[in-house]
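Got some structures for you, see below.
Note that chain A is present in both complexes that follow, paired respectively with chain B and with chain C.
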Partner chain A sequence: MDLPLQTWIQAIINGLAMGWLYVLMALGLTLILSIMGILQLAHGEIYMIGAYIVFVLARQHGVNLYAAIVISMLVMAVFGAVIERGLFRPRPGQDPVLPAIVISTSLTLILSSFAVVSFGLYEKGLPKLVKGSFRVLDVAIPRDRILAVGISVAMLLVVYLFLKKTRRGQAMVASAQNREASYLRGINPNHMSRLAMMIGCALAALAGALAGSILVLNPSMGGLPMIKGLVVIVLGGLGSVPGAAVGGMILGLIDGVVPVVFGATAAALAPLILVILFLLFRPRGLFGHE
Partner chain B sequence: MSRPWKAGGLAVVIILALALPQVLRGNDYWISVAVVAAIMMLMVSSLRTVLLLNQISLGHVGFSALGAYGSALLMMRVGLPFWVTVPLGGLMAALLALVLSYPFLKVRGLYFSILTLLTAETLRLTAYYWPSLTGGSWGLLEIPPPASITLPGIGAVDFGTVDNYYYVAIPLVIICLALIYLIEHSHLSFKWQAIRDGDELSKSVGINVMRYMVINFVIACFFAGVAGALFAHYQHSLAVDATSRFGVVMSIYMLLYLVVGGRKSFAGPIVGTVVMTLITEFTRPVAEYQPMMIGVIAILVMLLMPEGLVELPGRLVRWRKDRKRGALTVPADPGETG
Partner chain C sequence: MRTWSRIGIYLACALLIVFALGVGGCGDDGVPSSSETTAAPPTSATTGGGSTDTTGAGSTDTTGAAGEVKELVVGTVMPMSGALSVVGLSWNRGYDLYAEKVNEEGGVKIGDDTYTIKVLKEDGKGQADSAGAAARKLIQDGATVLFGEVMDGATAAVYDVAKQNGVLHVIASANTPGNPADIGADKDLLVRLSNSFDDAHTADLDFLKEKYPDVKTIAVSQPDVGFEGQIEDFTAAAKERGFEVIGAEKWAFGISDFVPTYTKLLSFQPDAIFIMVSAQSPYQLQAARQLGFTGPILANSPMGPEVHVRVAGPEACTDFFCNGINPSEPTELMADIMQRYEEAFKDEWISDCLLAWDELWILVQAMQKAGSTDPAAVLAALGSMTNVGDVKTSFGDARMGGMERFGVNRALVRPVPISLIMDGEIMLQGYFESANR
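This part shows the complex of A and B:
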């Protein structure tokens, strides 16, 4: 490949920035899936609405961008708690899988058409996280992408430490490992579900805001990151935080590098082929347990 | 319902379906709505076939897209006639399903849903980024209708018009639905039921679980591909941008139509598609709120009537019986509310 160094570095940086957005999506999805046992298919729309909340606050009401992102995360966390109680709380004697898929896909339709009605189909932009770029080895590296990756890594560490070191986080892990046994130890599974949904929605809102700042906003922006987030779970292993990080970076680098080197068709096919190889040779994913 | 009633009802529905263009004479809009609805019925029914094994495919639309593009390209590039390309479109979808089924069905459950979703998006993006074959973002244009045929006594019949295409699409859809019905009531169905109710137990009595799951997925994808092909030659153009008929949203609609109609009964997809199509048509003036309404309807049906609309008559009958018996008796079926 005779591509200039600039192109390579740019492709890798873009890929990593996208990849860490997938990591944030995957973290929420994997928490929800391992604790509640359901697919939250409206997660992409939570991401989109989170980004639009930042847009309304930062662009239309002049709130500081970072304050707007924090507010958006809090709002979406509350929204997560509301939909967990109102729509996803399993009913006794009912298998939760199909209802959750139907309800979350319905929620997808509702939220995305809400966004179309309120904000229109046109693309919108958020202010940049930081302006400008710095130079390494004579190659310009945009600061905002590096900062987005930095924020995402920090967030991942916070979630990881929360799950490993705090009582509440350990309770969540226990509930994910064995709902009944942890119930006997006094852990209320419904509280754990609510917590998982709140954390997941806040992370999705953050990812949406970062994406809106690096790229653009539109009502259908959430579909692809949600699918990628789910694929990260397959690659990294269900419930694994390191798995989510590695899987997300792999998918992001595919997004960033493969189109430049092999063309867009190859980039479209690559994740599916990768996933099939994983399923054939390592169905538990990189870090999954039996 | 008893057998003769069912057969009679079926005959009436088929006759009504075939007479519809005469009733709507000249109203091409509603005839085209009926064609699209019929194709949708086939797609939703084929999705239900997958659900018979408790597998939820979120990427069924991808197989329809493959059938649609396959059939259209075979006709345009190779010059094969419609009657050959439509089944070939279905076979292409079935072949892809066969290739994917082993890795996908090895993991099953929610992973299967994730993987089918990824497959549909992959197919869509591949078509989008392969302009030399598929027209890329412009889409595939000027897909020919079935070649006109000459019938004795009527003369040449041109299938480019909506009501003549109706008479191609509807019988094909009816044949496909009949085939799905027969498959569902063949010896295969016992194995499928066994696998759904407990696959460890099925294995222990000597059922090759993987084999029957693969057969199920391949059959379902074949019919999805045929439905896509029928759509291609009706619409004369195909597009694969994110908001098109082959986007993720379409998979969502298919699933919601199925659940609203009733996933447990064969009539469910048909009832669901008819009801939802009528709702969509009568809310055209507020089109931007349509997805919202459909979402709300699906959530309400899921929470209040998890068996779908086909359950409604049975519920009404039971309710009337309970009222006649008086309020003192214990509810007939306490498990119902469980």
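This part shows the complex of A and C:
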């Protein structure tokens, strides 16, 4: 590969920056999956709607971008509580898996259509988190991507500390590990499910807002990050916060470096090949447990 | 372990579902995929004499009694779902607006008859199989002229169906002249009533040379779905003007993060960047500026400069020019179309709509000249409209051409706009001569 060193460095930095957005997506998905036992297929659309809420607040009503992001996270957290109670909470004795697939697929279509009708098909842009780039070793590093990394890392730490250090977080972990046993210990699994959905939706809204500021908004923007989030879970392991971080970094590096070195086609295939290999040879991922 | 195996299988299934939804565009763009029509107004009020043809679609019979009121049924095969749905939507809006204008005025006189226009729409999805099926459905529904698609493979599929059924086919957007989707002497029923993107190469390069005399090298960003013909054309035109094309980088269709692509592209260290045929040029502009590229960037997409400012942001939009019009400096007709667009759709303006309006309008001009809707007569009429001014477009006077490159005069030659953006401010530089020959 006859590429200058600066190009390699640039590719790695780009990849790691985008990887942290995947981490946010994966974190929400993995919480929901491990605690509720369902895959929220509309998570990408939550991400998209979260970004559009920021657009409406920041672009159309002049709200400060960062305040708009916080409001969007809160709104989507409430939305998460509503859909958990109204759509995803299984009835006693009911297998939650199949209804969840049908419901979340329907929710995907509903939210996408809502976005098209409300915001139109054309791309929109959010204000930049921060403008410009700076140079290190003759490499241009976009400031907004670095700030997005900082916000994502901070949020990851918050979630990690919440799960490890707070009673409610530990209750969530217990519920994820053994729903029945935790119920006997006085932990209401429905409350844990609601909390997981709220946190997951808020994280998706944050990821959507950050991505919307770095890239652009459109009603189909949630599809690819959803897939990336799932890939991160497979790589990192279900329910593992460090796994989500490492999985996101691996995927980010693939996305950043492979297209530069091997081209666009290889970049599209590489994560899927990796997922297949993991599912075949290490289905619990890097940090998942038996 | 059993649980993990289940989860693995579960995730794999879910991935497949999500991937399928993503690739298929989820059919979620809010655009109906079934036939959609622009209804013509009651014809009894439009003409004084003659009977009204109530047989519906496809009444292109010109042998009937003089003075009849008929309906010209055109079918559009456009991507209405998936990554290109924005393009399909704006083109369909253009066809609709022109049809509505004609119908408001009571129809157009073709030969002895008066025709209102009915537009049927089907989703081509940018794919050959879908586009072929859509074309067949439109013909079954009575379409006697087909428009579309915007992707080469899908366009070729539409032509196959048009040819089998003896129906005139108007290319919506020719991406690579000389490829199977474009016009040629062997394609009896095919005509291109819009510019090819590469028609702007010479005008763009001349402008680049004049405006940025220090530029010596250019790197090209192109989609990974063909366009080699255009690269060759651009490289040759650049060489003639003293530029060197030092590299080209392909990107996967549908992506929105162009930073990896531009990381590679900028490793060529070009003086200028050429963004080839891309509806995603705003993303690319944004990526190039984020990575610190400060040189001029040109894009031959007809996408409006205002879209670039809106999406990429004013800070990224400087030393950038493209072949879209400046909506604040439209021609009189463009202004009228934009007003109609605003009233009809109450949505952000997108200038692709003008191209569709012009296509249908030019078709009607040819039919009027031929005095018939018969495909052979219409094509003969178009082939004779080779003097500037024989064809009217919203961009100004135009003509039919293409004999030198394609062996037939079935390509529109119209003025090419160049809009320059500096610090987010759009400035129309004028309308320049097309390279089409």
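Keep this in mind: the second predicted complex is superposed on the first by the 289 of 290 C-alpha atoms of A that agree within 3 Å, B and C clash if a C-alpha of one lies under 4 Å from a C-alpha of the other, contacts with A are read in each partner's own complex, and residues count from 1 in each chain.
As a convention for this text, contacts are C-beta pairs under 8 Å (C-beta built on N, C-alpha and C of every residue); 3 or more make two chains touch, one makes a residue touch a chain.
These numbers come from a predicted model, not from an experiment.
Upon superposition of the two complexes on chain A, a steric clash is found between chain B and chain C. Contacts of A:Leu5 after superposition on the shared chain: neither chain B nor chain C is touched. Residue contacts after overlaying the shared chain place A:Asn14 against chain C, while chain B stays out of touching range.
In the superposition on chain A, contact of A:Ser112 is made with both chain B and chain C.
By the touch criterion defined above, A:Arg135 lies against chain C but remains apart from chain B after alignment on the C-alpha atoms of chain A. Touch criterion not met for A:Leu161: it reaches neither chain B nor chain C. By the touch criterion defined above, A:Val153 reaches neither chain B nor chain C. Put simply, more of the residues of chain A are touched by C, taking chain B and chain C as the two choices.
Of the two partner chains placed around the shared chain by superposition, chain C is the only one that A:Val216 touches, whereas chain B remains out of contact.
In the superposition on chain A, contact is made by A:Val234 with both chain B and chain C.
Of the two partner chains, both chain B and chain C are touched by A:Ala264. Clashing C-alpha atoms between chain C and chain B appear in just one of the listed stretches 37-45, 91-99, 109-117 or 127-135, and that stretch is 127-135. According to the touch criterion, the shared surface of chain A, contacted by chain B in one complex and chain C in the other, consists of residues 33, 39, 41, 97, 101, 105, 108-109, 112-113, 116-117, 220, 223-224, 227, 230-231, 233-234, 263-265, 267-268, 275, 279, 283. Chain B contributes residues 56, 58, 100, 103-104, 106-107, 109-111, 113-115, 117-119, 121-122, 125-126, 128-130, 242-243, 247-249, 252, 255-256, 259, 263, 288-292, 294-296, 298-299, 302-303, 306, 338 to its touches with chain A in the complex. Chain contact summary for the complex, chain A toward chain C: residues 3-4, 6-7, 10-11, 14-15, 18, 33, 39, 41, 44, 97, 101, 105, 108-109, 112-113, 116-117, 120-125, 128, 131-133, 135, 140, 142, 144-145, 214-216, 218-221, 223-224, 226-227, 230-231, 233-234, 238, 255-256, 259-260, 263-265, 267-268, 275, 279, 283-284, 288, 290.
Across the complex, chain B is touched by residues 33, 38-39, 41, 87, 92-94, 97-99, 101-103, 105-110, 112-114, 116-117, 220, 223-224, 227, 230-231, 233-234, 263-265, 267-269, 271-272, 275-276, 279-280, 283 of chain A. The residues of chain C lying in touch with chain A in their complex are 1, 4-5, 7-8, 10-12, 14-15, 17-19, 21-22, 25-31, 83, 85-86, 89, 224, 250-252, 255-257, 259-261, 263-264, 266-267, 282-283, 286, 290-292, 307, 310-313, 315, 347-348, 350.
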